[in-house]
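To start, I am sharing the structure in question, which I have written as structure tokens.
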Amino acid sequence: MAINRKLRMGLVGGGPGAFIGEVHRKASRLDGEIELVAGAFDIDPKKSQQMGKQLYLDPKRVYNTYQDMLKAESALPEGDRIDFVAVTTPNNWHFPIARDALKAGFHVMCEKPMTLTSKEAKELQTLVEKKGLVFGLMHNYTGYPMVKLARDMVKKNDVGKIRKVVVQYPQGWLATALEKTGQMQASWRTDPKQSGAGGCVGDIGTHAANLAEYITGLKITDICAELTTFVPGRALDDDCNCLLKLEGGAKGVLHASQIAHGEENNLAIWVHGEKASLEWHQEHPNYLYVRRPSKPEEVWKRGNDYVAGYSAAAARNSRIPSGHPEAFLEAFANNYTNFAETVKSAIEGKKPDPLATDFPGVNEGVRGMLFIETVVASSKSKQKWTPVKK
Amino acid sequence: MAINRKLRMGLVGGGPGAFIGEVHRKASRLDGEIELVAGAFDIDPKKSQQMGKQLYLDPKRVYNTYQDMLKAESALPEGDRIDFVAVTTPNNWHFPIARDALKAGFHVMCEKPMTLTSKEAKELQTLVEKKGLVFGLMHNYTGYPMVKLARDMVKKNDVGKIRKVVVQYPQGWLATALEKTGQMQASWRTDPKQSGAGGCVGDIGTHAANLAEYITGLKITDICAELTTFVPGRALDDDCNCLLKLEGGAKGVLHASQIAHGEENNLAIWVHGEKASLEWHQEHPNYLYVRRPSKPEEVWKRGNDYVAGYSAAAARNSRIPSGHPEAFLEAFANNYTNFAETVKSAIEGKKPDPLATDFPGVNEGVRGMLFIETVVASSKSKQKWTPVKK
Amino acid sequence: MAINRKLRMGLVGGGPGAFIGEVHRKASRLDGEIELVAGAFDIDPKKSQQMGKQLYLDPKRVYNTYQDMLKAESALPEGDRIDFVAVTTPNNWHFPIARDALKAGFHVMCEKPMTLTSKEAKELQTLVEKKGLVFGLMHNYTGYPMVKLARDMVKKNDVGKIRKVVVQYPQGWLATALEKTGQMQASWRTDPKQSGAGGCVGDIGTHAANLAEYITGLKITDICAELTTFVPGRALDDDCNCLLKLEGGAKGVLHASQIAHGEENNLAIWVHGEKASLEWHQEHPNYLYVRRPSKPEEVWKRGNDYVAGYSAAAARNSRIPSGHPEAFLEAFANNYTNFAETVKSAIEGKKPDPLATDFPGVNEGVRGMLFIETVVASSKSKQKWTPVKK
Amino acid sequence: MAINRKLRMGLVGGGPGAFIGEVHRKASRLDGEIELVAGAFDIDPKKSQQMGKQLYLDPKRVYNTYQDMLKAESALPEGDRIDFVAVTTPNNWHFPIARDALKAGFHVMCEKPMTLTSKEAKELQTLVEKKGLVFGLMHNYTGYPMVKLARDMVKKNDVGKIRKVVVQYPQGWLATALEKTGQMQASWRTDPKQSGAGGCVGDIGTHAANLAEYITGLKITDICAELTTFVPGRALDDDCNCLLKLEGGAKGVLHASQIAHGEENNLAIWVHGEKASLEWHQEHPNYLYVRRPSKPEEVWKRGNDYVAGYSAAAARNSRIPSGHPEAFLEAFANNYTNFAETVKSAIEGKKPDPLATDFPGVNEGVRGMLFIETVVASSKSKQKWTPVKK
């Protein structure tokens, strides 16, 4: 049965001062397919209500706890209640909220990392499969159209067998002990109880690993890692350097850092295949550099007909003409819009458009936890290579 | 009286296949302060209804004509009816729709150019003043935070007295006779009846002129222009080169083109003052380059504390942390959000935050029409300099 | 008769503290085909001798005046005496030295501008033709291999009929009254007696014009110019903006400045043809950007096989493999080495390799003087267009 | 005793078709302080003579073997004979030639890598110390002025204690089995007998390691390396990825490759200290990027007064004004010119200017061999870290 309305979102997290919750709200609004109608925005009920008012929500649907929300929304008639739950709390809450939302029968869009451990991640994986619900994981960087173009170039064998991947994610915002100033983002991200076993590796290293696996279509099989904590007194790593082995004999280098002064969000990837090399930079996301032997370097630019002609995914995940730059929020919104279309198909009992299902989900969440755990284990090991468990 | 709800927008234009109407919709959604509730989307009523359905609108508020919309919405109770009208039709419709909406007592957000002639533009200017309504004109490029930073550097006299401005806006999409293929954007933009007396100069030259006046705070006083139509059979210019004089003795160069193969939307500006030089590029909008004598070049990057500490406007018109790029839609949305806050203040009978009033309006619309008319006149003249009328 | 030795150069100018004379020395040494054996380096004979000693020259061949050099060298046996004279004095000396050298039967390599007036320039032109000697003019920027590649793309009609050229040359070094501090370069360049009628236009505007004519193969036919002197008390213009008409209906914009803080030597050109667009930047000279409709942008990089396969000139004027950047001195040296090979052929009575004759000469010198004179006349005129005389 | 003449160079290697020998010739000519007077250019005496003729040398000083050259030149009177020997043969000849030249009392400029083993390297080190001769090793990349500026920023503690270094050197020219086509450069570089135990690591990885140690002033103490041979049938590695530990607790990532299609000579380094971060790229060598907390990024540009005021070394190793780019050959020439001045001081019995002694020598040669040997050992090891021997 076709539904002719926006999908209804219930948001957990995103209270006053939060960063990523507001990004989820903006991104989910952009294409007009999703409507925020309920939320449990903050541990503090007053702040939750304050945020609800700011968002012009019906106060009855602003809840004190996520449990209240799940219960009350479940009790609403099907046409009224939320269609899915978005989870944007600190990391330690991702697992219980996502699990309980799934158990209550809601589709879920979850911030990364999905859980604190691979055990929890696999539990979610099993639950999603069992319930047949749609699960999105916000590895937002694979939402960029030029990343999808790169992935399609690999898929179509225009890059050839992959030999080498270099992926980096340097930042500088934790180069000093920012967490000691009370800065909220810094505080929970450097606290193992809220963030899990990985600091830099968990927060941004996972994005780098996810990007590499997404574009190449190859899984990382072995890791040789060195985690370092440069800022005295910090409980988690703030720097992460890895050598990688990937399926099919490819080799890799992954380095991420939070102590690189002046670096902002410099996620970038280089993929070297037998036929061509690719290069992409998150801070200049509208360009994909393609290099082939004995040819001028090619700069593929988002929004052009030659991009659309090559990659249906790049075209679909692009909104405005070339030269009008698109950026972070649009990539984020691509995951939401694809997720929403997939949820809609599920509600309508239809098979989703395969292009709509191109967003990260529970499997990427498991991969992420395995990556973090392997890096932490490898960093403590004297052996060069630590295999990634399955 | 404080209102606690989203502002209600009625949209004229933006039917199936339109470009800029959809941009207005996306941008107006982003910050959750505006709700599209009514529209007359297309000359063809069927297409208008089709678009309304796609947007999940109440079919009763999807109108066949903009006149119907103004009449019916005016008849709704004040809490229900639209707060403002957004105009995103081809150029020739801007004036009558904006005029009628103002006369009907609605605030207006209008695509540029505001009208087809300076006479019409001044008529609107008078009407806006008389009615005391809020009027926004979508010169979207001044919505970029780093453009506001540049403007503030000039204002604070850190650039010194302006000596020279170079501004460019090359595009390549009309390098062939695209209008003869039936492409909708190309067709009306090269048709004097729908676009007015200027082709390239009207479509993009005005953006360049507006950007130069916005950043420098100086009006262009004299123009020496050369318009050319390179594509055979085209009725309007597709290339525009000007020498400029600005207030205070500054000199300028402005060049725009639609026949520069492979150029996309390469609006860029260089401002040279007695103390420093500035450089900004629309396709890489998160960076402002500042050059001072005997100092390393400075790259100011959006979203940083040193930007916020310098320019309240740059900070306010920025959403996400540095290194997470913002782009075209966010700049566009800045104009909408500032406009909406100003409209809200007007409805509430409050004086708006001066930072909220930082969006282009009817005065910029008059300047735009005077610019186009002067360029067209100068291009036909044998005299070097043609003064810009007041 | 084949000669198996380096060519012998006599240098006028390039005394202690001079800039361009030392550049000529370095560039002429690079390929091992030219040997500096004599010179009149400075107006002050002591300084001339001092420079000669520093250069390890035979003191007998270090002269007090250029006249002495011409006389004494002419008296030496043919195998011993200099083969050519290089002129690197302030502008006002270029003409008499070049003329006298030609009259004495020497080939000449002359710094630009060739003379102070077009009348003198034409006199030299006639003299060169009459004498049958080789004359090089150091418009060094056309010595860059990627400039030659661009020229060849136009020649082979891969750019199509030229529609528009934009060429710029911003600098910032004269943004303050540097000449009043006694800085030698600034002093003579802002002095009409030593520099001629053009300041910025003569010093760097001519390079921009020469580059545009070289790449497009089209002559500038009409100019609409605005010269400005921004720094109070300066006798010559320090800013130059022009609209251009070129042969075949092409239009152009040329702007140059010496008051653009922080700009160094930012000569750059954009050529827009019916088939493709080209872009090149002097400060990043190893790259040529090529844009064709509906294709990714191409970045052609110096030293690659695909460059060599396309342009024999680009290959010939390149020394080291791709990715090992070449720069200013190498481009300068290309002019010297091509000039030297042409001189050698002349001495040997052979027809030179056509690729060797690809260096600017007396015709470019005449064009340069006509350009300066037209710009100065146009800047004073109230008419929009001033034709370039022939 | 002051000598007033160019220094005399005897060159071994650099026969017809050789790449690096010709670079040595060009670079040594540039500043007019060195004269090539003798050579043994090729294993094939005919080719050696052919090259000598092409270089306009006295045929009597063109030798069949380097041994002949050393013997004959030693027999010449001191004012006549060569002052130093330059070694530009394939790697396997570096050691015996350098050793014999030193034993014969000549100063030596040697291409890198200095030897095939660390044992040989230390033998040379001892010999140089014993003989008191000047020994230069052509790690040319540290000749760039902006590299010296970076080094000085570290030295002056403006970067703070170093935390992390990332250095890369990707190339693409060996992405296919070029050595099987008979290409000379590819053939000897992939042959262990001529190149030693390292392929990619020896050819370019050593440059990356040398650059990191030069700028940071820290020695690499431990290496975790993965060497790979991607091209089937190749005898040496063509890809090299390493994690590093450096003195003082700094961590590092070094990756180099010869299979990265389209990469040319993309040596680049990022240094992250407690106070600031630095970034430099060999292919854009005139810029040093400096990032400090809460400040705009700074772009330091070669040739400016603020560079000269900060770093005497950067100023000294720079030839032309800012914006006139300098590049590879100039950096190469810096090593030659500093070496030459040091040799001259040695001949004159004077203490050299400390700035003149800023060129790589025998100690860097030993470090290079230890680096290669450690990488090769680590790559074979199952242990994560292999210490670098002393």
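First chain written, first letter: the chains are A, B, C and D, and each begins at residue 1.
Please note the rule applied: a contact is a pair of C-beta atoms (placed from the backbone, for glycine too) under 8 Å apart; a residue touches a chain by one contact, two chains touch by 3 or more.
Just so we're on the same page, UniProt names per chain: A, B, C, D = Gfo/Idh/MocA family oxidoreductase.
All figures in this text were calculated on a predicted structure; none of them were measured in a lab.
Common neighbours of chain A and chain C, by the contact definition above: B, D. Between the chain pairs B-D and A-D, more C-beta pairs are in contact across A-D. Note on B-C: its contact pairs, compared by residue number with those of A-D, A-C or A-B, agree for more than half at A-D. When chain centres are defined as mean Cα coordinates, A lies farthest from chain C. Between the CA-based centres of chain C and chain D the separation comes to 34 Å, rounded to the whole angstrom. Rounded to whole angstrom, the centroid-to-centroid distance between chain B and chain D, based on C-alpha atoms, equals 55 Å.
Computed centre separation for the pair chain A/chain D is 44 angstrom, with centres defined by C-alpha atoms.
Counting partner chains per residue, chain C shows two or more touched chains at residues 263, 295, 297, 301.
By the touch criterion stated above, chain A contacts chain C in their complex at residues 290, 294-301, 304-306. Taken in their complex, chain B has these residues touching chain C: 163-164, 166, 168, 170, 172, 175-176, 224, 226, 228, 230, 239, 241-243, 251-253, 255, 257, 259-263, 270, 272-277, 291-293, 295, 297, 381-385.
Looking at the complex, you find that chain C touches chain D at residues 4-6, 19, 22-23, 25-26, 29-32, 36, 53, 55-56, 171, 173, 263-266, 282-286, 301, 303, 319-330.
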